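A short worksheet on the structure shown next.
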Amino acid sequence: MKVTIKDLTKRFASRDKTGETVTAVDTLSAEFESGKLIALLGPSGCGKSTMLNMLSGILPVTSGKIYFDDKDVTELSPDKREVGLVFQNYALYPHMTVLENICFPLKIKKVRKEERIAKAVEIAKMVHIEDYLKRLPKELSGGQQQRVAIARALVKQPKLLLLDEPLSNLDAKLRIEMREEIRRIQRESGVTTVFVTHDQEEATSISDYILLMKLGVMQQFSATRDIYNNPANLFVADFIGNPTINQIHGVYVNGGIKPDGSDEIIPCSIKANENDRVVLAVRPESVLFEGGQTTGTVNDMYSSGKDWLVNFNIGDTELRGYCDADYNVQEGSVIKVGFRDKGQFLFNEETGERY
Amino acid sequence: MKKINLGTIVLYILLAVGGLIMIFPFIWMLISSMKTWAECGSMPPTWWPKDPTLENYVYAFKTAPFLKYFRNSLIVTVLCTGITMFNTILCAFTFSRLRFPGRDIIFSIMVSLMMIPYEMLIITNYTTIVKMGLYDTLAALIIPFTSSIFYTYILRNFFLSIPDSLYYSARIDGASNWQYLWNVMVPIAKPSLVTIGLLNALTCWNSFMWSILVVGSVNNRTLPFGLFAFTDQAGIRFERLMAGSSIVVIPVIILFLFCRKQIVTGVSKGGLKG
Amino acid sequence: MAEKKVRKYKDSDEKITAKSLITPFLFSFPFMVGLLIFTVYPFIRAVLLSFMEDYRFLSGKFSGYGLGNYTAIFNDPNFINALKSTTKYVLIVVPTSLAISLLVAVGLNSVKKLQGLFQTAYFLPMVTSATAVGMIFRWLYDFDYGLFNYFLGFFGVDKIHWLADVKYTMASICIYGIWSMLPFTIILLLAGLQNIDPIYYTAAKADGAKAKDIFFNITIPLLAPTIVLTSIVNVMSAFKVYDSLFVLYGAKPGPAFNLYTVIYYLYDQFWNKNKLGYAAASAMVLFAIIALFTLLQNLVTRKTNYYN
C-alpha cells in the first residue's frame, strides 16, 4: 500500500502555562512507495515518533492529510486503519501467552478459533518463535518479545507496519541480528513498513528510503544510498555516516577554501560565491593521503581492523581519514592530504544549504 | 550450627502470648458455644467443655432462622460485591483511560466526597429507600452501597500504572474500549480486584446498623442483625449467644485463613489513603 | 469549502465530539447514579436539614433557615456529653493502641518464622463482625461468670460491674476499643517498617549502633510519617465508634447516658426522637471533625511525600 502524507502538521500545547505551542511536525509532505521499508530518522525530539503515531491514528493531526493509497484516513480511528504497530517496549499483554498475544487481533475480529490459531502459528514460524507459543512474555528474552510483537502486528495482515524504535531495548549484538530479521520479515511479508530510529547506522543498513527530520522539519527524503552520497544540507551530511563527516569551516576564495587558522587554500571543484563563509564537508573515506597538496599534522591514529583511522589537523580543524596499514606516519608527522571529489560537499555556513 | 539467641526466643514467646490474647475472644467463643448451660455458668470456668455438645447450635438454628439469615447474608454479600466490582471497574476505567472535559475536576470532587461520614447520609438514604418501595427488602441492603469511591480510587491508581502502549496496541489490534477493558485491563488488575472484592465482601457480611434501619421482618434479616435479635430469643444464655456468634464469625475466619495475604495487602495499601 | 468548526482539547488535537463524550458517560453511568442518589443528594440534604428550623418529619415543613439546630445541640447536655466522652475515648484508645501496635509491629518485622501464624492471630479481629465481637465482649464482661472478673479474682480484686457501673464503662469500652484497633494499626505500621530500606540498618550496625539506638535513631524517625498518618486515620475511625457499643450495651446508651457518643446521639435523634434537624446538625459537627483530620492527613502526606 502506498502512503501519502500532505502538509502534515502537529502542534502540542507546551507543558507550562505560557500557552505557547510546540510544533512537533511541520507541514511535512512525502510519499511512501508500496512494499518498501522506510526509516524515519532523526535526533530525539525531531518529531519522528509523533509522525508514526499520526500514521497509526493514535495521535490526531493538527492539520494536513494522510492517504493510504487514495483513501483519506486522516480522521480514521486506529482500529479502522489496518495498520500494525510495534512499540519500543513491545506492549505485549502480560497475562497472555505468546500464542494468545498473537491471536488477540484475530480474536477481536471474531475469527474462528482454529483458523486464528493456524494463522498465528504460521506467522510465529515466520518470525521464528514457534517453540515458545505457550510461554508468557516475561519468560522471553528481549529479542523474542520483539519477534512476538512483530508477529502480533503482522497476523492481521496489515497494509502498513509501523515500528517505533524497535531495536533500542536490545543489546548491541542482538540489535544487529534483529535488524536483519526485520529486513527479512519485511521482505517476506511484502508489507509497506515504516520504522522510527535515532540510529543512522540502523537506518542506513536496512531501509530502502530514509526520511530525515530535525525539529519537526523534513530535511531530506530519498533512497538510502542517495542520502549518504547526496546529502541535501549540512545537517543531513553530518547526521548520516559513521565516523561523522569532516567539516572544514572557512572562506571561499579563488575557487578554493581557506580554512580558519590556515593560510593554505584547499582547491575545490564546487562553485560558490567569492568570500562566502562555507563549510567543506568530506567523508573520512574520501580523504587521500597520497598526491594531495594541503598540509596537515597527525594527532594520533587508531587501528580499525584492516586499515588505520588517522586523526589530523588542517589549521584549527580536526579531521579524520582512513589510510592503508602500511602508510608510514606517526604522531606529529606533517603530511600532505587531498580530497576525492566523491564524498566531498560544500555548504553555506550560515544556512547549511548545499552549493 | 547457628547459635540460638535468647532474645529471639523471648521475642517469639512474647509474640505468641500477644497473639493468643488477640484471638482469645474467638477461642473462648467457640469453647463456650460447646458447653452446657450449667457448665457455662460455673465458676471457676472450665477451659475445655467437659462434654462438648452442638446442642446450642441446634437450638440457634431451631429458634431463630439462622439458615435464612445465612442465605440472606450470602445473597447480599455476593450481589453487592458483584455490582460494586462492576461499577468500580467501569468508573475506574472512565477516570483513568477515557478522556473528556472536566475529568480531573470531577474526580477530585469525588475524592473529597470520601470524607463524608456515612452516618451523615443515612438520614436521607432511609427516606429514599422507603420512597423507592425498597423498605424491608434485601435490595435495600445492596443498592445504596454499590458506588464506592474508595475502591474506585484504589483501582484507578492501579489502572494508571498500566502502560499506555498496551491501550494503543489493543486499539490498533481493533479492540474497542469495552473489549480492551475486559480483555486486557481486568485480567492484569486481577490481584487488585481480588483484594477490593474481598474487602467489600467483608464489609457487606459484617454490615449491621443499616440493616436495623431498613429491614423489618425476620425473613429479610442478615446474620449480624439476626444475631443481635437472637439476644431476645435466647435471653442471657451465653452458650447459646456464643453459638450464634460462631455462626456469623466462622465463615469469615475460614475466608481469612485462605485469603489473609490479599486482605492484609488491601488494608495496608488502602488504609492510609481512605 | 466551508470548514466546520470543531471543538478540540487544548493540549492535543483530539476532537470533542458527541461520540467521545458518550463513552465516558455510559461507562460511569451506573456508578454515578448510585453516587448521586446515595451520597451527593443525601449529603446536600443533610447540610440543608441542619440549617432548617423546626423541621417536621412527617409534613416536611420548616419555618426557615438558621442556626437553631446548632444552638440546640450545643445546649443539649447529652450532646456535650457525647462530644466529651467521644474525645476522651479517642484520647485513650488511639495513643495506647499505637504504642502497643508499634511494639508488636517491630516484633513481627524481626521474626522470620511463623509469620503467617502470628499475622493470622493479630489480624483476625479486623475482619470479624462487630456485632458478634460485641456479643463476645458482653460475655467476657459478664458480672458473675465473665472471664475479666475471674482473672481479677486472681489478684484479689472484687468483681466489677463492667457494663453497669458508671465508673467502669469508659474502661470497658476502651479495652474493647484498643483490642479492635490493634490489627489495622499493626498492619499499617508493619507495612511502613517493611518499606524501610535495610541498608540503613546495615549502615547503623557498621557504625556500632545497638538495637536500642537503631530503634530510636533509625526506625522511629523513618517510620514517623506512617505513625502520624496511622494516628490520624485512627482518630477518625475512633470518632465514629458505634456498632459494637450498640451491641455491647444492648442498644442502650450505657448506664446514665455516659456512653453517648456523637454517632449514638445522631442515631438517637434521627431514629428514636425523629429530630432530623438535630441529627443533621450533629452529623455536620462530625463531618467538620473528619474534614479537619482529612485536611491534616493530606498536609502530612504532601509534606512527607510518603508515596514517592
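Each chain gets a letter, A, B and C, in the order it is written, and its residues are counted from 1.
Here is the rule we go by: a contact is a pair of C-beta atoms (placed from the backbone, for glycine too) under 8 Å apart; a residue touches a chain by one contact, two chains touch by 3 or more.
Given the structure is predicted, the values throughout are model-derived calculations rather than measurements.
If you take chain A and chain C together, the chains in touch with both are B.
For chain C, the chain with the farthest CA centroid is A. Chains B-C form the pair joined by the most contacting C-beta pairs. Centre-to-centre separation of chain A and chain C, using mean CA positions: 60 Å. If you average the CA atoms of chain B and of chain C, the two centres end up 16 Å from each other.
Each chain gets a centre from the mean of its Cα atoms; for chain A and chain B, those two points are 57 Å apart.
Residues of chain C found to touch two or more other chains are 14.
Residues 56-58, 77-79, 81, 83-85, 87-89, 91, 93-96, 104-105, 107-109, 152-153, 156 of chain A touch chain B in their complex.
Remark: chain C residues 9, 14, 16, 20-21, 23-25, 27-28, 30-35, 37-43, 45-46, 49, 104, 107-108, 110-111, 114, 116-133, 135-140, 142, 144-145, 147, 150, 179, 182-184, 187-188, 190-191, 226, 229-230, 233, 240, 242-243, 246-247, 250, 263, 266-267, 270-271, 276, 279-280, 283-284, 286-287, 290-291, 294, 297, 301, 306 touch chain B in the complex. By the touch criterion stated above, chain B contacts chain C in their complex at residues 8, 11-12, 14-16, 18-20, 22-23, 25-26, 28-29, 32, 40-45, 86-88, 90-91, 93-95, 98-101, 103, 110, 113-117, 119-125, 128, 143-147, 149, 152, 177, 202, 205-206, 208-209, 213, 223-225, 227-228, 231, 238, 241-242, 244-245, 248-249, 252-253, 255-257, 260, 263-264, 267-268, 271-272, 274.
On the chain B side of its complex with chain A, the touching residues are 163, 165-166, 168-176, 179, 183-184, 187-188, 190. On the chain A side of its complex with chain C, the touching residues are 10-13, 59-62.
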